[in-house]
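Take this structure, written in structure tokens, and hold onto it; I'll ask about it next.
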Amino acid sequence: MEQILTLATNNLLSPIILSFALGVAAALARSDLSVPEAAAKALSIYLLFAIGFKGGVSVSSHGLDAKLGLSLIAGIILSAALPLIAFALLKVMTGLSRLDAAAVAAHYGSISIVTFVAATSVLESSGITSEGYMVAVAAAMEAPAILSALWLISRGGDGRRMDSDLWREILLNGSIVLLVGSFLIGWVTGEEGLTEISSFIVAPFKGVLCLFLLDMGLVAGRGLRRGGGVLRPGVLAFGVLMPLIGSAFGLAAGLMLGLSMGGVALMMVLSASASYIAVPAAMRVALPEADPSIYLTLSLGVTFPFNLTLGIPLYVAVASALTGA
Amino acid sequence: MEQILTLATNNLLSPIILSFALGVAAALARSDLSVPEAAAKALSIYLLFAIGFKGGVSVSSHGLDAKLGLSLIAGIILSAALPLIAFALLKVMTGLSRLDAAAVAAHYGSISIVTFVAATSVLESSGITSEGYMVAVAAAMEAPAILSALWLISRGGDGRRMDSDLWREILLNGSIVLLVGSFLIGWVTGEEGLTEISSFIVAPFKGVLCLFLLDMGLVAGRGLRRGGGVLRPGVLAFGVLMPLIGSAFGLAAGLMLGLSMGGVALMMVLSASASYIAVPAAMRVALPEADPSIYLTLSLGVTFPFNLTLGIPLYVAVASALTGA
Amino acid sequence: MEQILTLATNNLLSPIILSFALGVAAALARSDLSVPEAAAKALSIYLLFAIGFKGGVSVSSHGLDAKLGLSLIAGIILSAALPLIAFALLKVMTGLSRLDAAAVAAHYGSISIVTFVAATSVLESSGITSEGYMVAVAAAMEAPAILSALWLISRGGDGRRMDSDLWREILLNGSIVLLVGSFLIGWVTGEEGLTEISSFIVAPFKGVLCLFLLDMGLVAGRGLRRGGGVLRPGVLAFGVLMPLIGSAFGLAAGLMLGLSMGGVALMMVLSASASYIAVPAAMRVALPEADPSIYLTLSLGVTFPFNLTLGIPLYVAVASALTGA
Amino acid sequence: MKTHKAKRVEITIEAIMQSRLTEALTKAGVTGFSVLPVRGGSGRSGAWVRAGEIGRASGMVQVICIIRPERLDALLEAAFAVVDRHIGVVSIVDCEVLRAERF
Amino acid sequence: MKTHKAKRVEITIEAIMQSRLTEALTKAGVTGFSVLPVRGGSGRSGAWVRAGEIGRASGMVQVICIIRPERLDALLEAAFAVVDRHIGVVSIVDCEVLRAERF
Amino acid sequence: MKTHKAKRVEITIEAIMQSRLTEALTKAGVTGFSVLPVRGGSGRSGAWVRAGEIGRASGMVQVICIIRPERLDALLEAAFAVVDRHIGVVSIVDCEVLRAERF
């Protein structure tokens, strides 16, 4: 318990979290502070490239773990199954329509890569290592949740075609391609490749993450200011409860797979986190009648800050307690 | 004197100044070289974040100086008073209308954060330290000058309402919020926080400043090419004289406050510099009839380059002579 | 031969080339991965500034080589002469119209600065030094080819005026101005200047180059997907043959000038590379009837990848064999 | 297809005045608008480009409103109160729209 | 100068739907269009701005087609099929063009 | 409110030709124009997008001029001289403006 509190306090007072808080505060106070769209995208490209590359290098150093395949499968199953639980929970806890509930559920099966990045950076600060291929697991978990959600809707008699364009868009989504691509590049080039570009992708990483989280805070704060009203108490509670449930499933999967302590923590983080890039875009195409202000505000304005501030230290503490590391 | 010359020459031949000169030259020669708006804004966000953060860390390391409060008050008084002097001077030296004169005056009470950043980088190169809270003083000096200018106008019988929106816009201006916010983050996280992100905010700082000044040079040069014609000799002379006058007041304030040599120099720089972000924007809203090509060209095309090239070394030399350091 | 193969393999498996390949693959697979225009331009500004600056510093360290002037003249002659050869070859090998052939020819006389940058980075990895003023030679080679192409057209009776605007645009092209400007800045500030900003322009250089090549890959891949069809086999073959011919002329020039091994290699690279910034823009203005999808696809989609992957190691190997270094 | 008469109002205004304009429009009952970036331009107050600028004092945006004809006057009055002392251009075009219930 | 009658169709649509719309237009025989960025806006589904966003779920673009009057109906039908269930606005204006052979 | 008849001319032209066009317009007595970015498009010469491009050879911009009807012909002639050999589209719409003294 004490460890959790220390971790949580350290985490809350890290430049990364404070930058996010600054962004939220500035947006709520209606400051005109804003990061240009092109700059925000550039920061996200940097982060995806760096995290993918480092994951690949780590796999190349530690050899191909036999668990990679199993972890990928576990990730896919989690991503597909969690929306069903989320949907059931939403039906019980909230008055959301089937459509809105399914759309929200899809977000919680899928993952948030920034939450993942923030978690790896917390692990690093604490000197905890993890399986490099967890980035690949992250990529694998992006899409299956979308299918589950569409299946939930079609079960309700409301036929939705997943046209092949949508398929391609989801699977070849820019962030998946960049993450997997740079993972492969890191894998192929290994430590040698890392040495060549580490002063670009390793040294300034945390600082870049600060600016990116400043931007995320601005966007989240703006969302809360505009869309906060649509979130009834039940929906809000879901936004905090669901990550805890998700993390429990992630924990179980991580332990069953026999991952390292860091790996278990990351599996929890992935399961606990909610998408705000791939899934919202897919929902706009496939379920345009679902209300974006619900799923975007919930994912970015509630669950993301919760995971960032309290969730990550909690998951790390639990993983550390249960892996006995 | 010799010291001034050496400092000035070193300064003039630094990559930072030469980058600015390159930008001016390219714009005057009508090259199509340009930095995208989003990239320029991203650079400015980086610089504000880094300078604020480092200021905060310095305060956290050296403890809270009792002079912080006094320095803030001094800054606010300077910002509010300098426009009155500037206005009187403009009435004597130039044929500008009351409106244009008040608008110009507001710029000279307020501050230019890049001039401040460039000065801190000159101080660092010379191994001179300064009070970390000078960033907070810089932030405090942004707005009061605007009020003075509007008061000058309203005295002339021309009633201007400062609507509450404008108030909020000025005080929660993106650059003030970012500067103060990152100052607080640096203060809270201290040296430990700095260690985590110093390879992002310390190591590449000067290089980023070069690219930013290249962009400033392009914008200033473009302004001179287009708006240079509106600047009559009297106005031009004001653009060089006023910073000297401002710096004298800054010097007096710095000495009275008992600031360190670096702190006195920075107080001079702040008082000498003229705003080109917060004040022009406020003028466009509150005094739309004032001619922007006068105040923008004067501030960015005349006073900024003057301070950058000759002013800063002069102020540092004077501060060093008078603080006996 | 073995050395070429090793170099080529090392080169092909470097993060730089793999990033380019990732971009091409993503574009061909119609992923929505894209780098914002502003970010791509910012990356190119960084690369030009850094490469120019480092070239200037190197000149300042090694003293002004008497060969600088001769190398510039050689570069200008190569740039002016290669289009004539290219044009003749195109008439023989392809069915392109005079206009299209002249437009394509202009590209091959001029140079691609990214190819140059990539080559310097390969040389550096292999510990091979080169004359710092090669950046100036690169800048000098940008424009003459355009004149040759326009002369080819006017010979055909089709009068084209080079209006003075176009002249200025070509010679004061943003990338030439930035390259030459930062070269001069580096020259003036020397090693001392470099020390101040090396953690910005040296340390992260290769990493930035990776992201830039990712973007180039995306653009090239998109071009191939859309415009690949217009390239008949003859035109395609030209895109691979012409760089080899160009490099042979570059080799001859480099040997006659008595350049170092690295200098010879870079002269080959410049001669072999094809413009995709300055020349396409000039062609759009001066020869609007020429088909951009031919010259852009050929230069960026065929010759650039060829040089990047196979050309550079080949040129380095040949230079090393023939300078006996 | 069935279309309905409407007005397309295009207001080119200083970027810094955008929020004041859109608030005034909203108060005047305008239910929708879109804001387009402008890269540069020229007018009686001189020429400008946004490239490289970080300040908010220069540059314009275009606010586009499509509205029912009967609401035009309210909109113009609201817009005029904001742009009155400012630079910028207001133009109105007759148009047809699909899905009239949206306006 | 000699001008020719045409229609200017402006479709404000979710960015994520852009490729679907332009593909539908192309299939319907539209030979040219331009896509303009939109910075922000407001409508029945709320207000939005693009600044700082990295996702593709929010934000609109404007697709502008200039076409011969006789092709208008085909275009509108194609556009409507795409925008039907989606937010956004379609407006049509009478215009004149130079170089009619281009449309 | 009192409005005045005017013409809204929209010229979609290659970005690289922008300065030539605006200079020609200025010479022809056009006192104001705005330049809008275009993200992408498609036409007889193929499809394009600006994303990721650093060169200036590809991409279009939109130059919008609002002018008094009697000046239209001078404007069109000036514009035509520039766009003649180039790709791009010129369209003209009847509009009403506030503050006619500005045109």
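Note that the chains are named A, B, C, D, E and F in the order they appear, and that numbering of residues resets to 1 at the start of each chain.
By definition in this document, a residue touches a chain if its C-beta (ideal position, glycine included) is under 8 Å from a C-beta of that chain, and two chains touch if they have at least 3 such contacts.
Values in this document were obtained by computation on a predicted structure and should not be read as measured data.
Listed by label, the chains that touch chain E and also chain F are D. Seen from the C-alpha centroid of chain C, the farthest chain centroid is that of D. Comparing the CA-atom centres of all chains against that of chain B, the greatest distance is found for E. Computed centre separation for the pair chain B/chain E is 45 angstrom, with centres defined by C-alpha atoms.
Mean C-alpha positions place chain A and chain B at a centre distance of 41 Å. Rounded to a whole number, the gap between the C-alpha centres of chain D and chain F is 18 angstrom. Counting partner chains per residue, chain C has residues 32, 34-39, 41-42, 199, 203-204 touching two or more of them. Chain contacts: chain D has residues 36-37, 56, 93-94 touching two or more partner chains. Annotation, chain-chain contacts: A-B, A-C, A-E, B-C, B-D, C-F, D-E, D-F, E-F (touch as defined at the top). Across the interface of their complex, chain A is touched by residues 14, 16-17, 19-20, 45-47, 49-58, 85-87 of chain E. Per the touch definition, chain C reaches chain A in the complex via residues 13-15, 18-19, 22, 25-26, 29-39, 42, 125, 199, 203-208, 210-211, 214.
Against chain A, in their complex, chain B makes its touches with residues 36-39, 41-42, 45-46, 49, 53, 168-169, 172-175, 177-178, 181-182, 184-185, 188-189, 193, 196-201, 203-204.
Against chain E, in their complex, chain D makes its touches with residues 1, 3, 6, 8, 22, 26, 31-37, 61, 66, 93-99, 102. The touching residues of chain B, when paired with chain D in their complex, are 34-37, 40-41, 44, 165, 215, 218-219, 222, 226-227, 276-277, 280-281, 283-285, 288-289, 291-293, 296.
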